[in-house]
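Input: structures, listed below.
There are two complexes below, and they share chain A, which is joined by chain B in the first and by chain C in the second.
== the complex of A and B ==
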């Protein structure tokens, strides 16, 4: 089962032996350049603020943004290079740098830059300007980046705390509004409580496995359960001691306690960890703090929480639960954690959406909608864990090609989660930027009726907000649609009835979501403007951010395949430990395949250009060829649902065909259009 | 030698007291103290497990936790002070400005 990971663990520990400790630390910092830049800049800004006083706020903002530009450039240089294909473990395996973490780093850096672009204007206009803002945002972002890179529970805990503590301050920073302190307190108490649960969870998992390193835990888990199983005869004897000598019974009791102890520590530990992380991403039933904290916080901070904290939180959830706890026994067995999370995902999206419908406050509406989005993302998390759990059950009765298929679909699910989180972050940042912009001088237009007729007064902003809302809703030309499509397709690869139920309810929920997003859009465009005109934020930061987010939502939507390929690269080989041969081989294999697909695609495009009349048929040919090539996949699907009389293999091949048509979107334009058209047809 | 179970009983008891304090008590300061209790209970468990396994991972995390708990307490108390300024009271039930 987890023998594979047990084999991997020592390999991960045996990273290339360094010549000297100092040199390794330096090299590690080089690998973590984006993070280090953010950390250094945050400290510089803090020191600068202490000495400069209030006169240099504008300058500090520019310094912060330039630091972020530098960090972003460093991360861009890292992303996609072969050097990080297999991942580089740094700081004695505490963190790792791979495409997964670098892609999420880019997301965090973009969110920080977006927030800082208007946070200063907002604070000045609402009369609570303070010099630590930039520094705090960078510190919180640094915490999120630790989470993106973490490969150790210690790093997960520290990342969450670094992120949260800075954000508590940001939430409560608006000292002239009572709601801000109240929101900060609610967020703080819930956050501190959840970190208590998280820490106890880490302690128990450590107690059961003797390590905090995620890859090693995955290997140890097998032993925990073997030990439990081996103690079973003693348990039987201890429970039914009739006729046995007293000495033997005492021995049996000792043995059964010893055998069960690790599992008895591990399972509550896992649940506490899950609770702690679900608190952070605000999944139902741990979502109660979200609307209040989002509502009371200064709106730029709300944007940061809705976009940034979700990135960090889901990075941690993926790393810990999908990367490490996704063994068959833990994840997919009848009492595995995925069944719990599946139910919570369903509850999260339903409760989030139903509560959002009733809101008249735009900030609260977006807060509840962010809860609903967490539900959709959790569907992807469950799907990923299910596939990897399937792949982990090696040695039982699974064929090698089936394992490979599970791994590939698992990677696809992780890619879907990454894609969704990042595109959701873009859209929600734009929406909250627009809410921040609508209000100045201590008055804020947050009630829905103040937004009616916005399009007449501010057509540009209304358009930007509309695009962001459509993306959140999942409307086809925007990127939100492709995020949802990827998650649903990942979930539908699994023929588990639970996943079908989840996808159907997610679709129904999207319809509910469409209702409240469109209600806002309609009131902006088709209602007369409200009589009292709401002042808008001076400075162009917020407007630029709304425009950029809307443009990004449209552009990544149009280039959906190319963008998704980045996420696929980031997710490739996710459950393999960083820096191992297996992972390098896996990513290499995928890269070769993608290149082949791009070549085949170009050939198809050329054929298309040569014979426009026959174009359609020609373009179809390679797709069919691929469907054929997937023949072993059909076999797998059959094997997976043996009892199913409805030829599930065919259905699966069908579901895969558009994926293949879509995948090769590399550079050629014509086939991409085709793939998309098919996707749209398939969506309902 | 004291067996590890004794440490664990202590840790679990403190953790439950802390969790109950957060969930049941209405005074802001006592809630804060309860949170600290939870973190320290986890520390005791970590150190006990660390001795049991004979490696330092747990102790390292406990050290980090102490620092984190200090930072958290500082921020928490600052938030309590800012609430106290506006309200001159420390009852959680007074915090009802934000609600559906």
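== the complex of A and C ==
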């Protein structure tokens, strides 16, 4: 299967213009290999369950995880290769494959693998086992992956619906608990309503711009809102036509309407789209469903919602709002949509944190904490849109280097958002895995007093959960700290008082967050164990996931820089359309910068090595760097063969080297999903 | 005003009025009938936009199949007469919220209408010069299998998820209890072992333990995020 796909992908790239529709579709499917594997596996599992019945269930997890391992391997082969530097538009511009989407795909695949590792155990232990679970998780993941790849509003809607419908079922699947049905009902009603708003918004945006393709919308929007500003003199003339010739007045009216008409349709559409997407990521005015749905759902589903849906939701939010709607007059303060989102971000983190403090139920606590994290991530979204908004205000004749700077910092903000979302997903997956593990046989240990003294009974799990909570809190050695640091840095680059207020309140909120995370940690370590012992989930799945998530949170924290580079690569040239030269140029620029930095590091290391005669400097690093620098062309061809073999120019392969030089140490994010899947596969 | 415009305004008005009637009628069957009227009026609007295929599908699928389904569901559910009669007197806050949201919605619709009018003014009669086969089954089929191929195929997975959902939610509960007790045994093995009559699991519906078990609608002790 992998061999076939590996054959397919180069074939797709080699054939310049496949003649028939079928050949194009086949080539596009090769580019979308991870997604296609997930889709095929979901059908496979469904068929297997239908024909083999209950006898299949023991194998279902293994089959699902092997499919995810395959998908993860395919995505890993794609990520970071030169082929996808510029991004490849597939299915006539409906989707695109680029580093951004592939990195988020890896995140989604890892989350799916993590959830599936213990979802079966949980369902069996709580007596609601059903054969469609794995299949539904994969279908929901397929929807998230559509969102990651989407370059068209049709794909955005399709992705959100595919994801949501599968998750409604997963939430309500626990038929022997009423809370589950209540949660599903609530989530379904509210979700269907928000989908309706989203669809209405898409219709209005289509009415205003005449297209659903995001890049074309971006072009239209930039044009319209530049005209809007430019038409002010015409508006004045149209309002006060005294003394002007009739023809000029007529012309002025035309011009002013031309400026305003699309905007009058577009802005309601934008607001509706914003509502629909913010509902999916549960930002504050639309967060009411979150605690009840998270609490009532089976805990593996809660983990999936808290980690996976956020990845997909923010992918869509970034693509639509930061990618397409980030024109100056539309996006930036004081009248742009970023000021709305900034206020919502402030409200989201404050309300999420303050409500979390009052919770005595661990599941609800984590639910509110996930709302608070959405607030932090929205700060990064606002920052990114503000930077790009400045960059695209060509009309105000900014200096070229200032535009360059705006785009660079915009890319950095997008990278910060990506990094934060992915690291948050890891930590929250670990935390919810631990909550699922604590309780079996129709009893769940979710009240706070049941967690006291956990460290005495289960020291390993307590440690794992503590690391995940510290990462959510933003404690320095863990990756959560670097995520917050990146977001705050991105926000503070902006010379905007609103952003400073946001950062200060985010910092204060982090302190509030520390209070309730640490309260749980303290009760686990320093309180006597409760008298009633809570049974724990049989099977190793949940324990393996908690361990891997904790290890990932620590490792990516220690190798923060190398991990962040993956996000930077994914975000390079984000506002440009996939498949354009300018996108590729930005990725090239990033790689050149890394290479320069690597050379500078090497020079510094050599200087260090010379100065202290005993060679205190790490001997390995410079040697490795040197090998790369000497043979940039062929040196790295082994690791990422599919990409390099086809590298069109030596220059690109050259530029790729420094990125790869870090790979052995910290290909931090990437192998996680894979490793997780394989580890768990061995477990049962 | 041309004849075409006259027909459009007539049926647009019918669509709006019947849609309002759909959501304001108490009797579900009456509401369903009003919904049929809405579907027909909208289908006529599609026809005026020269979307003939869409109009036909609208009548076949929505006014035909979906409505039959709705009426069946209403019959099967056997809506209680008493439940429809009694309704609580709304509180002042609820009334303010109700009228406030009506006002907001009205303003929003006015905004959108204004935008539409402005766009109409900008280029009257634009976008009507479509390709000759616009709206026919041919043209739609070509679009679906070229530009919208992915969306068309992905929707099948979406609908599959919905079908699975219906099956998962509606499955017979007693069967499932047995089923989940005999985990790991194939059907054949289960029959061979004769374990069809396993004792019922204690604590059937409500799981013992701290999970808040609430009835629909009633606020739970921990629920409804009163903290916010």
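To be clear about the criterion, the second predicted complex is superposed on the first by the 551 of 684 C-alpha atoms of A that agree within 3 Å, B and C clash if a C-alpha of one lies under 4 Å from a C-alpha of the other, contacts with A are read in each partner's own complex, and residues count from 1 in each chain.
Throughout what follows, a contact is a pair of C-beta atoms (placed from the backbone, for glycine too) under 8 Å apart; a residue touches a chain by one contact, two chains touch by 3 or more.
Please read these numbers as outputs of a predicted model, since none were measured by experiment.
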* Asked: Is A:419 contacted by the first partner chain B, the second partner chain C, both or neither?
  -> neither
* Asked: Can A:321 be said to touch chain B (first), chain C (second), both, or neither?
  -> neither
* Asked: Counting only touches as set out at the top, which of chain B and chain C does A:154 meet: first, second, both, neither?
  -> both
* Asked: Who contacts more of chain A, chain B or chain C?
  -> C
* Asked: In the superposed arrangement, does A:304 touch chain B (first), chain C (second), both or neither?
  -> neither
* Asked: Between chain B (first) and chain C (second), which, if any, makes contact with A:586: first, second, both or neither?
  -> neither
* Now for A:451: first (chain B), second (chain C), both, or neither, which partner does it touch? -> neither
* To do: Classify the contacts of A:438 with the two partner chains as first (chain B alone), second (chain C alone), both, or neither.
  => neither
* To do: Using the touch definition from the top, say if A:128 reaches chain B (first), chain C (second), both or neither.
  => second
* Thinking of the overlay built on chain A, is A:481 touched by chain B (first), by chain C (second), by both, or by neither? -> neither
* Contacts on chain A seen with chain B and repeated with chain C across the two complexes -> 154, 158, 161, 165, 168-169, 172, 175, 178-179, 182, 185, 204, 207, 210, 291-292, 295, 355, 358-359, 364
* **chain A-touching residues of chain B, taken from the complex the two chains share** => 8, 11, 15, 18-19, 22, 28, 31, 35, 38-39, 41-42, 45-46, 48-50, 52-53, 55, 57-58, 60-61, 64-65, 68, 71-72, 75-76, 78-80, 82-83, 86-87, 95, 97-100
* Name, in rising order, each residue of chain A that touches chain B in their complex. => 153-154, 157-158, 161, 165, 168-169, 172, 175, 178-179, 181-186, 188-189, 192-193, 195-197, 199-200, 202-204, 206-207, 210-212, 291-292, 295-296, 355, 358-359, 364
* **chain A contact footprint on chain C (complex, rising order)** => 108, 111-112, 114-116, 118-119, 121-122, 127, 145-151, 154-155, 157-158, 160-162, 164-165, 167-169, 171, 173, 176-177, 179-187, 189-190, 201, 203-216, 222-225, 227-228
* Of chain A, residues touching chain C in the complex -> 21, 25, 28, 39, 42-43, 46, 52-55, 57-58, 90-92, 94-95, 123-124, 126-130, 132, 135-136, 139-140, 142-143, 146, 154-155, 158, 161-162, 165-166, 168-169, 172-173, 175-179, 182, 185, 204, 207-208, 210, 254, 257-258, 260-268, 287-288, 291-292, 295, 351, 354-355, 358-361, 364, 368, 439, 442-447, 450
